[in-house]
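Which chain is which? They are A, B, C, D and E, in the order written, and residues in each are numbered from 1.
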Amino acid sequence: MERIRVTSKGSAVKSILTAFILVTVFIGSIKLVNLDVQKFFERLENVPAVIGRMMVIDLSVIPNALLACLTSLSLAFLTLVVSVIIAMLLSFLAARNITPSNYLANFIKAFFAVIRSVPGLVWGLMVIASLGFGYTSGFIAMLLSSIGYLIKLFTGSIEEVGTDIVEAMRSTGASWFNIVFHGLIPLCITSFFGWITVRFEGDVAESIGLGIIGVGGIGLLLTKAIGAYDYAQTTTILIVICLLMLVLEFSMTKLKTMVKYGESR
Amino acid sequence: MEAVLSIRDLVKVYGKETRALNGISLDFYPGEFIVVIGPSGAGKSTFIRCINRLVDPTEGDIVFDNQHMEKFSGRKLRDQRSKIGMIFQHYNLVSRTNVIKNVLHGQLSNTPLYKSLLGLYSQQDKQEAVELLKKVGLEDQMYKRADALSGGQMQRVGICRALLQRPKILLADEPIASLDPVSANIVMQQLHSISIEKQLTCVVNLHQVDYAKRYASRIIGIKKGEVVFDGSPAQLTDSMVRDIYEGKESQMTLQNKGGAAQAVANEDGKVSGAEQ
Amino acid sequence: MEAVLSIRDLVKVYGKETRALNGISLDFYPGEFIVVIGPSGAGKSTFIRCINRLVDPTEGDIVFDNQHMEKFSGRKLRDQRSKIGMIFQHYNLVSRTNVIKNVLHGQLSNTPLYKSLLGLYSQQDKQEAVELLKKVGLEDQMYKRADALSGGQMQRVGICRALLQRPKILLADEPIASLDPVSANIVMQQLHSISIEKQLTCVVNLHQVDYAKRYASRIIGIKKGEVVFDGSPAQLTDSMVRDIYEGKESQMTLQNKGGAAQAVANEDGKVSGAEQ
Amino acid sequence: ATTAEAESGNGEWPESITLVQMPDENNPTEAATMHTSLKEHISEELGIEVQEFDGGSYAVGIEAMAAGNLDVMLASPMSYYQAKQKAGAELLVTPVVPGGTEYYTDFVTQADNEDINSLEDLKGTNFAFVNAASSSGYLYPKATLVQELDLDPDKIEQSGYFFENVVFSEGHPNSLMGVAMGDYEAAAVAHQVMEMMGESDSFNPDDIKVIGRTSNIPDASYIVRGDLPEDFKKALKDAFVSFENEEYFEALHGDAGTRFEATEADYYDPAIEMLDTINALEDVQE
Amino acid sequence: MKMRSTNQIPIKQGGSSKAIITVSALLAASIFSIYYLKLSFIDMVMGLPNFIMFFFQKFFPANLENIKEYIPLVIDTLGYAVIATYISSIVAFILGILISEHTNKFKPLRVFVRGFISILRNIPFIIWGALLVYIFGIGGIVGVIALILVTVGFLGKSYAESIDEISGDKLEALQANGASYFQILFHGVIPQFVPAWINWTLFSFEINVRASTVIGLVGAGGIGVLIDTNINLFNYGEALTIITVIVCIILVTEYVTNSIRSRIA
């Protein structure tokens, strides 16, 4: 009886080869970095003790924490607003299916890949040496990497949505801006919402890291609590941060569904 | 009369091997209502999409409005395209935007960006959009989101969008594939009467030979990327139709051979019926 | 004879207001070839999708194969569904997967997960898939990705997928909307002959009244979510057809009134032509 | 330092100064409000605006000082030396606790490790420093080893020279936990960190054995940008010394009797000499 | 005609009050933030020349002396990144499926997982680091776990977004076939998901390479942590070399991402 293939000739070989390479790379990496898995399992027994130690809270820090949150949130918010505007424009220039020029697209992608890979401390150093301490510096330091991230996230989404809309609008003679504003933004807006939330969290997290360069806010408070080995305060501050972010996440999800399936107008 | 659109030796090769178009030369004149027929995969969609450069032709000239389409890019290409209306097989509406905005997209190329963003389309455009929507029976759905419409409703929105461009030539890729017969007839008739009224050239891909015969002023048969028929509906004889779709028939299993022949015969029967 | 599918008081309300189905009661018997016609937005697609619960009905009973479809979920629902083939208006193929795999998806419910993942479908299934593809003239495209096909080709893949399920009842939502007349006829004929051969009940949404009359053993007219006609093709008179599509007509602008009436007349002309 | 020179050339006082606190294990969460009182005091005394920030990195602070964006900061001996080289910094005041404080680093190993009981026994062990830029976690312990065991400072990190292997754990707690769990045989951990972690139950002090310690590390001092007018620096020093808010000192230094005292110019010299013995100062050029 | 008399044709119903409220709320929040944080845009512009000068004066020329010593560290970094990317892409895929509406109809679980990965993202790395060290001590395993924590939160969300984007149409056809949940997943969702999966996974590889700074903080090897050390020692030239090495790795990843995506799209 004749054998009927389900995949075209050679594609099975290709898949096996790919799988083989992937597995080899993985095993090779494990060998390379000397992972001691046994130790890992042995020490799992420490988990309850360590977690138990963290299970204390100190309510007295809450007012301070909330105030610091306001600072962090407003910094993150402002960074977000500016970076979303810039990143939106640039990401439409960088998305493969709508870019006016492939060279430009690649340049933008590469440029921000570089920006993303410069560590926070280096930005902090350069910004503070030129601007001095303060929120202005924090804003700039966060802005750059925030834009870098958003561009990556946005272009991903733009490249995923259908080309048929671009086609239809192109055929009306609509300009690039028209296609972007009337076609792609309405289409992508829901996924953009998702990314904006992710980045808002990222910005808040980054503002925590920015304690290093003298930017206050919840991050500094947290760093100090950790430095003082004050578990009660640390846990409390964490709970505040997480609650805040959960509220944010779920309200953005709500907003997103509203836009997606929302009132038909 | 001078041709609005003149196509010479058009070739389109997808990838390395698929020759979707294989040297097509045609002239289209103002006010013609051209229906393109041909078996599935013949290259009809590709042909139509080459005209407004949604697909870049591999070889050949496309002269529209005295200008070489294949040489343009950027602003120039957009200007040319704004003179070419297009209706898509799958509607291609912006699903999250409401109906009237989708229709107004037809005038984007003539509206400054800031105005279109604020929704400040000219009163005339808006009025025309509303009138077009009324014509196709969608005045009640004007503010519904495009994705809440049925297939047929969406298609009619797409037609309004193309007409709002006030084009010199109108391309349509199976515009009535998802319409019920009454809507289909009305749409075809509207296209037809607009074509006569404004001396607008229409190029329409159709699968329904009977509609082609009823509305076309000229029928073009494409098969395997080549023009195999070009003439008036009257010239399109039953044997001609069989010829155009023939390749298909022989592709079918032998077992069905009789059935297929029968089918074509039926088809012709129907066509002549419609002709009465 | 016992009904395969028996529908009682089916109601579907979208959102808060859109009553797409408004109390439909019907019985379908083995071997019937039912064509559902009706104006755009009448609820044809909704009706068909309620049968296999792709759309959850708001009220009413659907008894298929002696079991209440509306009560099932999980494994039971899947088993029921595997006995119902479906052909979609927009093909709904997995675009990044090749043609033969898309067809074999029809047998997923009878193939254990690990086997389907490794492509180990039974020889019989594979053989049948290949035969089906040959029947519709796609043997050369077997290993092409589904998104590299033309519209018509995709639709034929969708039909093969449904047939491979070896279903007890076959639902089709405008299966020939994007096919050229010969392919359309062949597809309809295949559906028809399979329906007779295997006593398979087919429920097909169509916009083409002529096709409906030619192939159906029973025609159902739906309008505004209600059954307005249920009878044999012979019973579907011209005035009946006008009646079914009438609402549409009056929706059109006054200006076009004459045209629309004319269109319906033409339609009837065509229909009777096809009847000859 | 271009702007700084322009400012100080004519001996005019600046309109405002920037004061930066650096991370310090004894900065509690309330420190922010506490520092405000110091800031207000100085501002009142000098009659100019004082801005106060919490910094996190000495390098950032020093570069900011070099660029004229920072005037006063808290510094350790090493950072003072770097700041002097890069930004011409001068010592200003030191908080002095009445009983005196002792900052030093312990050499630790597992309590049940019978083989290691003194610094000599560290030969051939896996050893963890904190970080190549850390004073208490690297420079001081290294200097102690070099001086006491007469080792070559440039070879200490090489595997097989003295230690079997040297790692940088990047944190005092990391080093301590690494030893407690047996990831390293020994490590250098700041004594104060050990005490604080012990108090907070982060580890069991019985797991750890101290086998040696460094000499005392001088207290961190406030340093000031050198190119400010002399009379301004003097006034600034007086402002610090006259600060007597007991709540502040209690909260930050654990003793209400603590006061700022003017720092002698040679206060850090012994420490810096010691750093020189391990060639730590070579890299710091202007 | 009737049209003539109604000379105003709105293009949406219900007026634009909603949009106006949204925009003014955003604007108000931005202005509040600027005021509250005392941001100075003049400073930013004035600081720009210094910023650029600082970079070129301090960081150039790159110090290539020790470049040989970096090779094992680069390999370590890549090894950790590979392992973390593999594991977190598997974990995140499962989580992503549990978050997406298309693939998980059980709302409470959806909400729970969404909250869970939101917490993963929002607890700052220093906390995870401290916890991990207290539990597992020091070493490669901790590094890998740390990286996984950094990545899973982000990747889970990204996967979920992309799965949401895959239209319900195709899934519907398989549903109608009576395919089981997992069959729909493997035959419907996954094939469509491949381009997005490659994009996000390689992006997470990039994140993991960059995160070698943070895994240094839990005592695992890698090159990133040397940037901070060198900056703290004022060895800017060397820091620049390391940054360049990381940038190169990331640019290669970006290039691979783009070329794979355009090949398989």
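The rule is short, and it goes like this: a residue touches a chain if its C-beta (ideal position, glycine included) is under 8 Å from a C-beta of that chain, and two chains touch if they have at least 3 such contacts.
All figures in this text were calculated on a predicted structure; none of them were measured in a lab.
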Smallest count of steps, each to a touching chain, taking chain D to chain E: 1
Between C-E and A-C, which chain pair is linked by more C-beta pairs in contact? C-E
Taking each chain's centre as the mean of its CA atoms, chain B sits from chain E at a distance in Å of 44
From the C-alpha centre of chain A to that of chain E, how far is it in Å? 4
Would you kindly tell me how far, in whole Å, the mean C-alpha position of chain D lies from that of chain A? 35
So which stretches of chain E touch two or more other chains? 12-13, 50, 54, 130, 134, 136-137, 139, 228, 231
Contacts with two or more other chains, residues of chain A listed in rising order: 43, 53, 121, 125, 129-132, 134, 223, 265
Return the residues of chain B touching two or more other chains; collapse runs of consecutive numbers into ranges. 90, 98, 101, 143
Residue set of chain D touching chain E in the complex reads 57-59, 62-63, 67, 82, 86, 128, 131-133, 167-171, 173-174, 177-178, 180-184, 202-203, 283-284
In the complex, chain E residues that touch chain A: 12-14, 26, 29-30, 32-34, 36-40, 43-44, 47-48, 50-51, 53-55, 75-76, 78-80, 82-83, 86, 111, 114-115, 118-119, 121-127, 130-131, 134-137, 139-141, 143-144, 154, 157-158, 161-162, 164-165, 195-196, 199-200, 203, 206, 209-210, 213, 220-221, 224, 227-228, 231, 239, 243, 246-247, 250-251, 254, 258, 261-262
What part of chain B is in contact with chain A in the complex they form? 52, 54, 75, 78-86, 88, 90, 92-98, 101, 105-106, 108-109, 113, 116-117, 143-145, 148, 158, 161-162, 165, 171
In the complex, go through chain A and note every residue touching chain E. 25-26, 28-30, 32-37, 39-40, 43-44, 46-47, 50, 53-54, 70-71, 74-75, 77-78, 81, 96, 106, 109-110, 113-114, 116-119, 121-122, 125-127, 129-132, 134-136, 139-140, 152-153, 156-157, 159-161, 191, 194-195, 198, 201-202, 204-205, 208-209, 219, 222-223, 226, 234, 238, 241-242, 245-246, 249-250, 253, 263, 265
Touching residues (chain side chain A, partner chain B) in the complex: 164-165, 167-175, 177-178, 181-183, 186-187, 189-190, 259-260, 264-265
